[in-house]
Amino acid sequence: MVEEVQNKIDTEEEYTINMGPQHPSTHGVLRFVVSLKGEIVKNVQPHCGYIHRGIERMCEKLTYQQIIHLTDRMDYLSAHINNAAVCLTVESALDIEVPERVKYIRTIIEELNRIASHQLWWCAFGMDLGGLTCFFYGLRDREKILDIFEESTGGRLIQSYNCPGGLMNDIHPNFQQKVKDFIKYFRKVLPEYDQLLTGNVIFQERTKKVGYISKEEAINYGLTGPSGRGSGFACDVRKRAPYHMYDKVNFKEILYTEGDTLARYKVRIDEMWESMNIIEQLIDNIPEGDFAVKMKPIIKLPEGEFFQRVESARGELDVFIVSDGNKNPYRVKFRSPNLVNLSAINIMSKDQKIADLVAISGSLDLVIPCMDR
Amino acid sequence: MTNEQLKEKVLSLYSGAQIAEGKQLLTVTVPAEELYSLAKKLKESDDTAFDYLMCLSGVDYPTNLGVFYHITSTKYNHSIALKTTTADRVNAEVDSVYSLWKSAEYHEREVYDLLGIKFTNHPDLRRMFLDDDWVGHPLRKDYSDPLNIIER
Amino acid sequence: MNQDALILFFIVAVFLVGFAIVFAYIVAPSSVNPQKSEAYECGIPTKGITWLQFNVGYYLFAILFLIFDVETVFIFPWAVVMKQMGMVGFIEICIFFFILILGLLYAWKKHALIWE
Amino acid sequence: MNVIGYISSIFKGVISLLKGMKVTGSYFFRPWTVVTQKYPENRKTLVMYERMKGEIVMPHNANNEHKCTGCGICEINCPNGTIEVISKQIQTEEGKKKRIIDKHIYRIGMCTFCGLCVKTCPSNALAFAPNFEHAVFNRAKLTKVLNQEGSVLEKGVE
Amino acid sequence: MNFNIYDFTSFNQWIDNYLYTSLSPFWALIVEMTIIGLVFLTGYALVGLFLVYLERKVCALMQNRIGPNRVGPFGLFQTIADLIKLLLKELISIKQADKLLFNLAPFIVIIASFLCIAAIPFAKGLHAMDFNIGVFYVMAVSSMGVVGILIAGWSSNNKYSLIGAMRSGAQIVSYELSVGLSLITMVVLAGSMQFSTIVEAQSDGWFIFKGHISSVIAFIIFMIASTAETNRGPFDLAEAESELTAGFHTEYSGIKFAFFFLAEYMNMFIVAAIAATVFWGGWMPLHIGGLDGFNHVMDFIPPFVWFFGKTFVIIFLMMWFKWTFPRLRIDQLLTLEWKYLLPINLLNVLLMALMVLMGWHF
């Protein structure tokens, strides 16, 4: 179909243009083959696979501990959540109950990771819409989270901090104080984001009623994460199938029913507030205890299929492991939220303008390595 | 619905289904030709209402190719896994569920690309990640690529 | 100075650009590569012709612009002599503007001011 | 559109724009809030976090002794062949045959800093070091030998 | 009041006389022309380079960064280093491009901006041309630059450039009007289109104070419209880098690109200079009625300092816009002009005319 679109000779009415793989607004190597009529988008065909690395195939050759570092490289902006997904699958398959302390720390770091990811999304989204200053403000604040990560885990972007059974090492003694300082700081700075971008009349005009998708369509297309919640689809795995500490903390699922780009934007901004709430509930009560349970050096999962859902910063990340009883998984499948979210871009951007296509793909918050795996 | 109720419901919809109780989810194994009709019934039946396809994965078993459908209901929040296998490794064919869940479009393209299972009635079945002229399906166990895969 | 300067400035500007480009052609390195002389389209070869009839969404605006721009030219002389003309000139321009704004409102109501 | 709505929309728009300008303007007039670090200049004062996964090193004590027994567990655990342990057989003073490491080869170009080697090492011979300036002109320099020249196994480590 | 202490008319006259008495009229003219040409060329280049530096520094501070700080003190020579780099860059020509138009476009944008400079009064007696239709001339010439952009985009044979060019077409058909009408508002107040007369008329108070409400509205509209005219700030749709990679200058490289870059900054300088002249009294010092001592001190500041000071304040405003706001979409660009700026502008002209007739202005 794409070939058809490409080979069709451009008529007076419609012509095709390639956005990507080397394009500033695709945030990586994604390619949109866009059919345009003047400035109006008539059809969008995404082309992915430019950084397909075969992570699923690589996993089949590695042990369960060794898989973890590969998941970092999928959705590198919520690396910790990806790690936790695999660990949770292995732990639930082996019926291991991790210590409370691990659950607390995992939850806190995951929420910090979510904030960091949303901050980077905010930078990039502002930049997509032409407001370059957002980029620097967002990154400035994200650095503080990365510093917290680095102090405890040793890694800034990709941490490999989780391992089946717990954590690689204990948190740094400064961790709690630094997180509290960060939250205090970020509560002060986050309203600036609103003043700079959210309230701005140009921004509102650019995003309101752009890229509409209804709730039914969102469910049908499997649009999850903030993108789905912007349409009113209550898809937060933290609520629907709680893991870690999420069934014990108070937080509300952010839902907007408008289904447009602005709604998806607002979900993410509100999620940052909500994540801070979650962290504040947990940070003071981290129980003492071990940071990991003792695992055998070689983990062997029982024969069977194991499925685990987690809420990554972009949507529902599912890990599906088929085991044949060996130390290596027989088959590992990651359900990438980005790939599924991308499938809706064609209907969302139909009859919108090129500038809107950029805004819509920005509001879906696509991370290409996760998509291609 | 609890897993028990789901089990009864699935059996009432299609009596030939083999149901295995996994760790979290019920795994319902059905033949490839029955899958689509069962999925359709499960989606459209009011008390099951499986309206959201979470995950669609293909597995290359030693003897046959399998496809897993993890579906959930946004209304009742119960989930189930459907499994189907085909013994034909050269021309493996499964009915597409695109008309039930549109998110299946990309999932099925991915499975087609990496495992070579063809989905009939899919609107646009072509490779997802690899080039259109790529030979072979990399996630199959018998796939070998001496240039890019280093065996240890 | 007088209007001769116009020619002078024109020549200086042409000289500035021309000299710099010629200088760059002399000192800058050059290498031949067929890929380099392709039009940029994110690394993918362009399909089809580029000089196509472009479906501009502002055709009506262009026509309106023509009308209003000509009016602007008419208003300039009035603006200069406004003080000398006094109330008569003001009332005249009021009528003129009334018609203009009426036209604009008509276009507005007819949804001509929507980009499509 | 009614006239009042029209005028109020103008004012609302202008106010929202001014709010945004207030944010950027306030930073412009507070240049001391600049967060940029002048990197090569501050090299002397730069302190990295101690746990930073910069590279893998084999700590040696003052007597040029390390703890690596050459068991090869790190090599097995490494997901992508970064580590290669080359061991040799030597005759100890008591006449027993013993395996010690000849070279502990670490290819930083392939390392993904997953930390499995450090974690699984039974004798804590490996550690992460916070060095991050790894740029070299020749890729061959990215292959490092971790055990120092002439180093021996620390006493008491089996 | 005495603000003739810095009158450059006599200075010019003196050079003129000296040349004509010592040389034959033909050579005198040639020498005079060469001097003027060189002076303006140097000034043009210096202002352009400085503006690029200024923008980088301003945006850096707004974004909580340091900005250029490596080449020279405070990175002052950064733009010169950039210029040398751009001069030494390869000029890539596109195979399918329309060669003639492709090479012509940088000429047009530079000529347009350079011709505008000619009409700007830097101080009393310090301007190249003093037309009696100065305002009109600047309007006419400055809109030529967009034609250059249009040509650049069209001739590149690149779809991104084409879209960029078409967008700049949309801009030209819109914001031209608002610039014109907001200037007309001030012409009504001044009663002349000659820049020197306009500045002289502000000796007892800048127009922005004299015409109060009406002038302020006209000034705001002029700022918005001229930002759009210069393809800057939130109106940089023709080069919208997140949508069209680089828009109309995607295919330009090396020094040819540098000229588009330079022209953008010079256009910004020009519109700021015109805004300073028409609204903020040009090189007129700030005077407050009743404070003679204060006024005297103000008089001692040279007029070109006043002029450049005001211009750079307005340029700073434009940079502030650019680094705060997200970009508009093409239809919003047109909506803003036709549904907001134009009707307000038309009414504003009438209001100003009424104020002038009734003597409501100061």
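Per-chain residue numbering starts at 1, and chain names A, B, C, D and E are given in the order in which the chains are listed.
Here, contacts are C-beta pairs under 8 Å (C-beta built on N, C-alpha and C of every residue); 3 or more make two chains touch, one makes a residue touch a chain.
Predicted, not measured: the structure shown is a model, and the values here were computed from it.
Enquirer: Considering only chains that satisfy the touch condition with chain B, which of them also satisfy it with chain C?
Expert: Chains in contact with chain B as well as chain C: A.
Enquirer: Which other chains touch chain C while also touching chain D?
Expert: Touching chain C and chain D alike, sorted by label: A, E.
Enquirer: Give me the two chains with the most inter-chain contact pairs.
Expert: C-E
Enquirer: So which chain is farthest from chain B, going by the mean of the CA atoms in each chain?
Expert: The chain lying farthest from chain B is E.
Enquirer: Please identify which chain has its centre, taken as the mean of its CA atoms, farthest from the centre of chain D.
Expert: C
Enquirer: Using mean CA coordinates as chain centres, what's the gap between chain B and chain E in Å?
Expert: 64
Enquirer: If you average the CA atoms of chain C and of chain E, how far apart do the two points sit, in angstrom?
Expert: Taking the mean C-alpha position of each chain, the two centres sit 15 Å apart.
Enquirer: Please report how many Å separate the Cα centroid of chain D from that of chain E, as a whole number.
Expert: 51
Enquirer: With chain centres defined as C-alpha means, what is the inter-centre distance between chain A and chain E in Å?
Expert: For chain A versus chain E, the centre distance works out to 45 Å.
Enquirer: Out of chain D, which residues touch more than one other chain, so two or more?
Expert: Residues 17, 20, 23-24, 35 of chain D each touch two or more of the other chains.
Enquirer: Which chain C residues sit where two or more other chains touch them?
Expert: Those would be 41-42, 54, 56-57.
Enquirer: Residues of chain A that contact two or more other chains, please.
Expert: 15, 17, 23, 39, 133, 140, 196-197, 200, 202
Enquirer: Once the touch criterion is applied, which pairs of chains come out as touching?
Expert: A-B, A-C, A-D, A-E, C-E, D-E
Enquirer: Which part of chain B faces chain A closely enough to touch in the complex?
Expert: So the residues of chain B touching chain A come out as 22-25, 27, 51-55, 57, 59-60, 68, 70, 74, 77, 81, 101-103, 105-107, 110, 114, 124, 126-130, 132, 138-139, 149, 151-152.
Enquirer: Please name which positions on chain E make contact with chain A in the complex.
Expert: 59, 62-65, 159-160, 163, 166, 234, 236-237, 240-245, 323-332
Enquirer: Once bound in the complex, which stretches of chain D touch chain A?
Expert: Going through chain D, the ones touching chain A are 12-13, 16-17, 19-20, 22-24, 35, 49, 51-53, 77, 79, 112-116, 119-120, 128.
Enquirer: Which of the residues in chain E come into contact with chain D in the complex?
Expert: Touching chain D from chain E are residues 58, 61-66, 69, 320-321, 323-325, 340.
Enquirer: Name, in rising order, each residue of chain A that touches chain B in their complex.
Expert: 1-3, 48-49, 52, 54, 56-57, 61, 92-93, 217, 219-222, 233-235, 240-241, 304-309, 316, 318, 320, 322, 330-331, 333, 335, 339-340, 342-343, 372
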